[in-house]
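There are two complexes below, and they share chain A, which is joined by chain B in the first and by chain C in the second.
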Partner chain A sequence: MTRSLEDWLLTNLVEFKKYASSAEDSANVHGLLQQVDPRVKIVGALALILSAVAAKNLGAILWILGLSIALAAASKLRLDRLAHWVWRPVLLFSGPIALPALFLTPGNVLAWPVSLQGLRAAAFLVLRAETTTTISILVALTTPWTRILKTLRALGVPTVFVAILSSTYRYMFLLLQTASDMSDARRSRTVWKLSAIEKRRIAGAAIGVLLSKSFQLSSEVHQAMLARGFRGEFYVLDDFRLRAADWLWLGVLSGFVAAIMYLEK
Partner chain B sequence: MHIPDGYLSPSTCAALYAAAAPFWMIALRKMKRVLHTRAIPLLSLAAAFSFVIMMFNLPLPGATTGHAVGVGIATIVLGPWGSMLAISTALVIQAVFFGDGGITTIGANCFNMAIVGSLVAYTVYRIIAGSAALDSRRRVVAAAMAGYAAINVSAFFAALEFGIQPALYRDTTGAPLYAPYPLHIAIPAMMIGHLTIAGLAELIVSAGVVSYLQRAEPELLRMTAGGAAKDIAEERTSGSTRPLWIALSLLMIATPLGILAAGTAWGEWSATDFANPSVRRQIAAASSNSTPPVNAPSGISALSQIWIAPMPAYASPFLKSQSLGYILSAMMGAGLILLATLLLARIFGK
Partner chain C sequence: MNKIVFDIQHVSYRYDEVVALNDITLRVTTGQRVALLGPNGSGKSTLLRLLDALCFADSGTVSFDGETLDRKRFEDDRFHFGFRQKVGLVFQNPDVQLFNPTVYDEVAFGPLQLRWPAEKIRRKTGEILERMEIVHLKDRSPHRLSGGEKKKVSLASIFVLDPDVLLLDEPTAALDPRCESRIIDLLIGWGDGKKTVITATHDLGLVEDIADCCFVLQNGSVLAEGRPAEILGDEDLLLRANLVHAHRHRHLGGKEHSHPHSHPLPTVIKLYH
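Up next, the complex of A and B:
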């Protein structure tokens, strides 16, 4: 049975909040990645993601995935949650896309109609997606969002864009809560089963109201910013300090990436 | 349509980052110039809105459901440049924080959905809507078509990017390294889903929201309304000031009523009034029976010679009728004030 709009919104809101709250909690745990300087962590994650994307060898991708899982465990992240948030959704998304490649890719037939090249192509697609998503979620789950934003600024992303990202993240929760409240209010006033056409009309109006509220809120936020002295300049305090452990981490990671590149040869 | 990491080769990703970068820079510059301090809160809320509407799962014909990206409605309300930034921001947060869409493919996803989508939506909307009134049905149809076309052209670009991968990148055994399907499979596979489910979701959201805004908040549709918005703005300007013009005309016609007022305004005496016995009585009556000086104060006498008004006491020398003189003076006075206001507005940029 198709879930109603309200059920869908509610499920999304609950999942969204659970994920965000879990990310905040796990970022404050005393684990391995939580101790690493965010700049080193993000640069390291980018290096690993690029290595996984550039790899032409399934073994190299498996090594990177293995390292990611080991890092997750060392950072005291619950693997069942990683499976729920990363591995299962990625498999559900990429699996059906990769499956036809088993039969459609021409090459040496392993067992009719599966070809070796098809199997490898499907494995590349799914393993790469699982590995890279695991790495990016590792960063998100071990670094507070504010530190990620600061790091983006330190890495040269324009300040205005960092400011927009920061505000967007904050208001996403508010708007999602507003949307959920609106759908609750509608549900509490609805006593009969709505037709699909009526549901579409209500959804259109609900999105319109949400848009209108967003604009109103942006105007109020703007006035509040001006009242606090905002004149279009945006500053981010950079209090990052690299410690010996960060350099060590950078060295170990560089060694790993170099080993992967050697494996590629 | 959020392409994950691993579907596109590093060089394709780099090319699409490079293709998206100038659009981001121009959009950011344009929005900062137009919105100044409003840019951050407005774009943030618009991005948060885009993020949230991706969670609205709509019932579609055929007992299925789908969600919109919101590129159609974001373009209609914010314009193509604002939409590019808002949708890109939502996509970046989805990729970085939620792992929805890859990190290496942020450039590709933003290029397909935010940049191409916004430009297509804007072009289609402007062509179909033309100069139709803001509340016309044609704008609802235009919004529907804009959303539908935007999402489908975006999907077509994604299909092209997928489709060229197996031709360019294979391992030593000949297995495709990235998206494994060639163009003749990738294009139909992507387009069937988007021409039906995803396209319909975008169509319904764009049309539904524009229809709602026409009734509730037509102001939000002005950004991309072109000539129609200008007409409405002018109509609104003339409409809102019309009562003021009528009131001003009535006051001008009523100015001769001033003749009926008895006495002189206290303190608005001329030098000759002090020598006129009847005016002296009025001055004394209006000043608690204090007798005014016999001669006009020397300061008043001296300063009153500096400027001789062309129409003293609102009486035109060439008109015998005092009432007509009053009306003419009112017209001239009001006209001079309006002229001065227009000049100041022109000098100081409104």
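Up next, the complex of A and C:
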């Protein structure tokens, strides 16, 4: 039986909720990266990402990817989940983009029609994408979302940007729940099999209702903010403190990045 | 005689073509505990929003401590912050009120916006989390809390400001009986009963616990005013205001008739554990 667009969307929404819930749980596990100050973690991740992007040596990128996988394991993240959430989707996305390079890049023919230079170019693209995404996801999976937002503030990202991110994350779940409830309510009252046109019409109407509900919700949330003194500018409490272990971590990471740069020479 | 906190004179308010409030006049004095009773759509929530200056009357005036509440008055920062410090509103839907990433941030949000010193914010937030017995939730995301926990956090986010006037919109809506009872205890205990509390509700079982004066609203107008015992004892009034219902039924050995009543809980209970 073929799945409707609505089924597909709802399955993915449920999958996303599972992912978000799992991410919050893994951030609270007693692993290596979970112990590191989020500011140090984000700065370190940025340094590794920049190193991977700037690397002209496949070996250097492989070292960074290897370190990321080792950090994931030390942080008690499940590698099968990383493969499912990160490595496979990234490969599916970057693979087709890299594929033409195999054949179109001129150079020494490795096995017709693939050239050695083409293989290198494709490998660079795929490995860079895999490595940078793995590093980013490591930060997301080992830091509670609330700490990430606070860190962004502490690193000087404008408050209004952080507030929008925070509200989007917060209300996404509410709207997902509403969408799921609306779908259940519609299914419970549907007796006959609907035609494709009818399904599209219902989906369109549901999107309209959801949009209208989200407008109403946003207006009420704004009122709730005004009621507690909000005047258009956010104020937050920053309570980060660097420990000796964070400095040690920063030192180790700096050493690794320096070694990668040396390898590049 | 107690000072007048809110003075509402001939206030009307409409949402486009729909009249929400129609020529309402009422007064609330310091320390008074007021219940706004009425069925859904009677204008209770709109009246609370007017009292909290989240919207302003189309006609008539709303005054707080002798100052008329209008848009122009709220352009003054000093007045704005003073008013927000003195009047707190707890929304009916906690999901509307809980928009911060963690429970701690949620409780600290109001004091932060009112520009309290950081040390005072930390102290007061810690105190209120302990008093409301939600310290263990402080790092949790509000969207992952139960209904009762969300309501407690909503109350904590207002209690932390220690306002003189507390506005409550259906404080026990959608709560299980145990949570409802706990929330009522918190409301009764708040401010040692000396603060002004205005509660919008259609839960008649709540009224005698949380109010010493009631206003019954219907279709945006005040239908009646009185003490809880007087209002709750007037079945005709409650029936007219759609706060109770009557349906036709037969009493054992009696004749068939209709009157407002509640049904007893079922007596056949099967216990599994």
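Throughout what follows, the second predicted complex is superposed on the first by the 263 of 265 C-alpha atoms of A that agree within 3 Å, B and C clash if a C-alpha of one lies under 4 Å from a C-alpha of the other, contacts with A are read in each partner's own complex, and residues count from 1 in each chain.
Just so we're on the same page, contacts are C-beta pairs under 8 Å (C-beta built on N, C-alpha and C of every residue); 3 or more make two chains touch, one makes a residue touch a chain.
What you are looking at is a predicted structure, and each value in this text was computed from that prediction instead of being measured.
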| item | value |
| --- | --- |
| Overlay on chain A: chain C relative to chain B, clash or fit | fit |
| Geometry of the superposed three-chain model: angle at chain A (Cα centres of chain B and chain C, steps of 10 degrees) | 50 |
| Touched partner set for A:24, first chain B, second chain C, both or neither | second |
| Chain B versus chain C as contact partner of A:159, first or second or both or neither | neither |
| First, second, both or neither for A:217, with chain B first and chain C second | both |
| Partner chain(s) touched by A:228 [first = chain B, second = chain C, both, neither] | second |
| First (chain B), second (chain C), both or neither touched by A:190 | neither |
| Partner chain in contact with A:145 - chain B first, chain C second, else both or neither | both |
| Partner chain(s) touched by A:167 [first = chain B, second = chain C, both, neither] | both |
| Chain B versus chain C as contact partner of A:52, first or second or both or neither | first |
| Chain C versus chain B, contacts on chain A by residue | B |
| Touched partner set for A:254, first chain B, second chain C, both or neither | neither |
| Smallest separation in angstrom, by C-alpha atoms, between chain B and chain C in the superposition | 8 |
| Chain B and chain C contact sites that coincide on chain A, given as residue numbers | 145, 166-167, 169-171, 174, 217, 221, 225-226, 230-231 |
| Chain C residues touching chain A - in the complex, by the definition given at the top | 49, 52, 54, 77, 80-81, 84-85, 88-89, 91, 93, 95-102, 105, 108-110, 112-115, 118, 121-122, 139, 141-144, 157-158, 161 |
| Chain B partner contacts - residues on chain A that touch it in the complex | 2-3, 5, 8-9, 12-13, 16, 19, 23, 46, 49-50, 52-54, 56-57, 85-86, 90, 93-94, 98, 100-101, 104-105, 107-108, 116-122, 124-125, 127-129, 131-133, 136-137, 139-140, 145, 148, 158, 160-161, 163-172, 174-176, 179, 196, 199-201, 203-212, 214-215, 217-219, 221-222, 225-226, 230-232, 234 |
| Residues of chain A that touch chain C when the two form their complex | 24, 144-146, 149-150, 166-167, 169-171, 173-174, 217, 220-221, 223-231, 235-237 |
| Footprint of chain A on chain B - complex, ascending | 4-7, 9-10, 13, 24, 28, 32, 36-49, 51-53, 55-61, 63-65, 73, 77, 85, 89-90, 92-93, 95-99, 102-104, 166, 171-181, 185, 204-205, 207-209, 211-213, 216-217, 220 |
